[in-house]
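Shared chain: chain A. Partners: chain B in the first complex, chain C in the second.
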Partner chain A sequence: MMLFRKECGKIFCSLTYILYCLLVILMIISQYFIDSGQRLYPPSKGDYDYGEKIVEDHDLIMSTAADALTVEFLSNRYVCYPFGFYKAVHLDNEEQAKIEKYICEITGLDSTGIAEKKKSAEVCYITDGTHDYGEYAIRDMPISESMTYERFTDIMEDVDNILGGGSDYAVDGLVYQFSRVPMTYEDAVDDYNSIFNDDRVTNAYARLFGDYAGIVLAILPVFVAAALTAADRRRRMSELVYSRRSSSLRIVFTRFIALVTTMFIPVFVFMVIALIQILIRYNGSDIDMTAMFTLPTFWLLPNIMAATATGMLVTEILSAGAAILVQFVWWFMGLMAGGTAGLSGRIGKFTFICRHNALGNRNEFLMNWDNFVFNRVFYMVISIAAVLFTVGIYELKRGGSFNGIRLFGKGSIFRRKT
Partner chain B sequence: MDEKIVIKNVNKFYGKKQALFDIDLTIEKGMFGLLGRNGAGKTTLMKTLAVLHKKKSGEITVCGVPIEKAKEIRAMTGYLPQDFSMYPNMKCDEALEYLGYLSCIPKIECKKRVTSLLRKVNLIEHRHKKVKELSGGMKRRLGIAQALIHEPKVLIVDEPTAGLDPEERIRFRNLLCEVAQERIVILSTHIVGDIEATCENIAIMDSGRILWKGTVHEILENVKGHIYTANVEKRFLPQIKNEYIVTGMLAQTDYVTVRIVSDSEPDLPNTVLTEPDLEGAYVYCLHSNGCDIVGGEK
Partner chain C sequence: MVSGCLARVVYSDVKHNFLIHYIVALGILLASPIFFSLSQLDCILAAQPLEVYVPLIGIVLMTPVFLPEQNESIYDVVRSKKFNHDIVCIIRLLCSVVIAAVMIGAYVLYMKHCNSQVTVRHFIGSSATAFLLGAIGFAFAGIGRNVIIGYMASVMYYILNFSFGTKLGYFYLFSMMHGSFAEKKWLLTGAFVLSTAVFPLRRVFRDR
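Moving on, here comes the complex of A and B:
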């Protein structure tokens, strides 16, 4: 316990931690508190747009997906987002033939029928920013009577594989891509009421808080973790620590827990502030007093743990700079993947940065609740596994069997090769 | 438990380069000096004893415990590295407490030991000073305190007096002697004066090998008949330095008294066979083992 307190003291006094706190404060205030700044009011009748909702309607999914697939097939231009990055995929003749076969199976049309659809369709010219291209506006592809949803998802899985992954046809995203319908006034009222009756206000705000804070907490902890891990070497203190009686497990885990605890403190303070703000704003409503702590903790702790573990592990093996670079790449890919998922509730089993950028849409979030729970537990477990691996590396360094891999400067692996 | 360190046929490699060659040593309680030039392998041997390096072959036991039992060895060994520092913004007592907790010392006991050690190393008045505000000598004394915080049976100090002014050096030597009353202290250095002032038992190392081991008295006996003094004119000094191993010079009004290590009597005026000193004995040891000593003292 005393060692833990000393490690916390070291972190509190470090400039990197102070900068971390400032950035967390800045990000949460500028994102969450500005976005959640006003009291919610019920929707008014006659508004132009109440937003969209997801309905898990298999007929709708098959019909919309068949339209989209036919449009992309006819122009042989499939838009994909592998790892969150835009990519226009063009298939060869053999792969196109496979896609055509699948479209025929889904729609019950033959090649001639598809060709006729093409002939009768209008051509729209659109741009992706650098190129203009034509697209056939097809909105009425039939669905074969014999087509079941199970067979349809098998086909979609294969189509996604042919396209190399990251397409709109990936099975876990079909509902989000092809089953959205505009919300009616009644839907909007239900959504509003759900915030008060089901979410008891704080659950809705807790999701929004988790969404915004999750972005910064997936990257900033790496700076503090890398700085603390590299501090012994930078301060020429390594040998004094290595020659102590404490086991490597005790040293590394105490530091990990101290890092996670100290970096969670500013987040916890904001949870308290957010709760106070809700209590003032919704005075008189039935408010869940614990949700502002439980959900964001479960949401955000794995982000802090994963970024901290990466920082410690990569710094021990390579350097603090390499740790920051690795975490930045991971964070950027996670952010892009979160962005293409529509920022609202679509949480995969391995999505690093979970997004739900809305106060409402509770149902969308709950549709992925199992994924969300699995995901958060998964990142906690791999973080602990990474810390255990760090313990092994630390033990090797401590016994002089491994000195880390230098990428640059004296003793760099590149210099040795040359 | 026998209070000695036994090193048998220890070899150590850095990649393909051999750093230690068949080291054999027995180190008993009290001060033990390890003397050698920079690059002789002293630090490698010290780090191997402090379980910071792994040997390739051979056996080492510290107070009866084989070196492979790292946790036990760490519990009974205090180490002051050659190039060390501490977190600059920590206060002296905080830094010691931190290292005490890393040595698994309970809180109350740790605080007691910190106060007692700071008193022992004469830093009690500076206990609230930040490490970065300490002078070089104070840092070294703090270094000794951290190495003693867990009351080790063995204290390993590597080049502790390098860069210290004469007064601090004397203070530091005295501190080591005091500490060595109760434990084994291994002092590794290239400064002969430090060994001469503190150690009875010594070993001389060069190129990863032990060239000589024994008591100071024995090595002085060994070199008897090989140390000469001669009074020479200043203008002949460069020529004499080229021909003989000069270990010391004392400037007089119109001549210089030089100390020379030589197998036979030098062909110089006023040459007198003189009482050996440790510096001469050390240089003679290197010379008689074929080590390159060009031109003596420069």
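Moving on, here comes the complex of A and C:
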């Protein structure tokens, strides 16, 4: 406990932690509190647009995906977003033949049948980058009677692989991509009512809170962790700490727990503020008093733990700069992948930054609830494993058999030995 | 005599301290085809990698200028030398700026070779974004006397651009993606002001 208090004291006084707090405050206020600024009111009848909903209809998915694939096949231009950024893929003849074979299998048509569809379709010429291409407006591709949804998903998986990933045909995104239908007024009322009846208000706001806070909490903790881990070496205190009687397990784990605890404090304060805001705004409604703490904690703690563990491990092995680089790459890829997934509940088994940028759409979030639980637990376990590995590295350093991989100074890997 | 001394400083710094940063910056650029399509892009699409991705090399190259002397005891030894430490840092900064400009130039030429509609404006715009991100890191690392603070500041400014977007006004990093080039002169000005203000501010904060 004494060691824990000392580590917490060191963290509270560090400039990186003060900056961390300021940035968390800035991001949560500017994103969550501005976005959730007004009380929700029921949808009014006669509005032009009530948004979209996912119906998970296999026939609809197969039909719209077959149309989309045929359109892209005929132009030989497949739009992909492998890491959230636009990439137009053009296939060679062999790969095009494979795609054609799959379209034939899905639709029950042959090459001539596809050619006839192309002939009868309206063409509109579109400029894509510096390239003009013709897009065929095909909306009525048939689906073979022998085609099952299981076989269809196998084909889609193969198509996505041929395209190099990140396409609309990725199996885990088919439902989100191809079975969206416009919401009716009744659907919008149901969605509104579910915020009050099923979510009891706070669950909906907790999801939005987790969504916004998760973005910064997947990167910021690495700076504080790397700074604290590197501080011993920087202040030439490493040898003094190594000579203490405390075990490496105790030192490293206490430091990890202190980092996670201190970095969770500003987040917890905002949870309290968010709950008070909801209580004032929805005075008289049935409000779940615990949801604003349980869901965001389960959502955000793995992000803090993973970024902290990465910071500690990579700093012990390499350097603080390398830890920041590793975490930045992970964060960047996670953020971009989350953006491509549509920001609304599409959470995979290994999604690092979980997104659900809406108060409503409860069903979309619950569709992936199992994935959400799996991935949050997975990142907690991985973080603890990384800290255990850090303990091993720390122990080796204490024993003098490993001194980290130095990039600068004496013994660096870039310094020529004489 | 002086030029020989400067050459030795540059050679020694590149060899012992900065080679790794140059390699990382080069690695970032070489990895870009994993994320982006670089061929047959019009001027708006071409701005995407040039504003969102390529400027990250500015953080990698410019932030660690003060890193070799971050340790106080090394800094004290360096300060005792005849050659002014600030001049060494300015030389390092200029080297980083030149390397960043050369790398971005080569990247733009490669995109041109891939039939993308890139112009000198893209080169200047991407460089300006890289210089501002780098200058933020350089300034915070210098004033905070800790390179991690520099990385933290520049990465956070980068994130803010995703969250706040055009609300950042003249200092919005990704303006070329929206067809505007006017912000770039402000980015260059900001980068210059930050880079030059660091040295007196470092002294002020050290004396306090």
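Observations, loosely collected:
Just so it is clear, the second predicted complex is superposed on the first by the 397 of 418 C-alpha atoms of A that agree within 3 Å, B and C clash if a C-alpha of one lies under 4 Å from a C-alpha of the other, contacts with A are read in each partner's own complex, and residues count from 1 in each chain.
Just so we're on the same page, contacts are C-beta pairs under 8 Å (C-beta built on N, C-alpha and C of every residue); 3 or more make two chains touch, one makes a residue touch a chain.
Predicted model only: the values in this text are computed from it and were never measured.
Looking at the shared chain after the overlay, A:139 reaches neither chain B nor chain C. In the superposition on chain A, no contact is made by A:101 with either chain B or chain C.
When the two complexes are overlaid on their common chain A, residue A:6 makes contact with chain B while staying clear of chain C. Once the two structures are superposed, chain B and chain C can be ranked by residues of chain A touched, with C on top. Contacts of A:216 after superposition: chain C is touched, whereas chain B is not reached. Once chain A of one complex is fitted onto chain A of the other, the partner contacts of A:237 are limited to chain B, with no touch recorded for chain C. Shared-chain residue A:398: touches chain B; no touch with chain C. Contact with chain C, but none with chain B, is seen for A:321 once the two complexes are overlaid on the shared chain. With the contact threshold set out at the top, residues 236 of chain A are in contact with chain B in one structure and with chain C in the other. Residues of chain A touching chain B in their complex: 2-3, 6, 9-10, 13, 231, 235-237, 239-247, 251, 398-401. By the touch criterion stated above, chain B contacts chain A in their complex at residues 47, 50-54, 70-71, 74-75, 77-79, 81, 83-90, 94, 97-99, 101-104, 107, 110, 146, 150.
Put simply, chain C touches chain A in their complex at residues 15-17, 19-20, 24, 34-37, 40-42, 45-46, 48-49, 52, 60, 64, 67-68, 70-71, 73, 115-117, 144, 146-149, 151-153, 155-156, 159, 162-164.
By the touch criterion given at the top, residues 15-16, 19-20, 23, 27, 30-31, 82-83, 85-88, 127-131, 215-216, 219-220, 223, 226-227, 230, 234, 236, 320-321, 324-325, 328, 335-336, 407-408, 412, 414-415 of chain A touch chain C in their complex.
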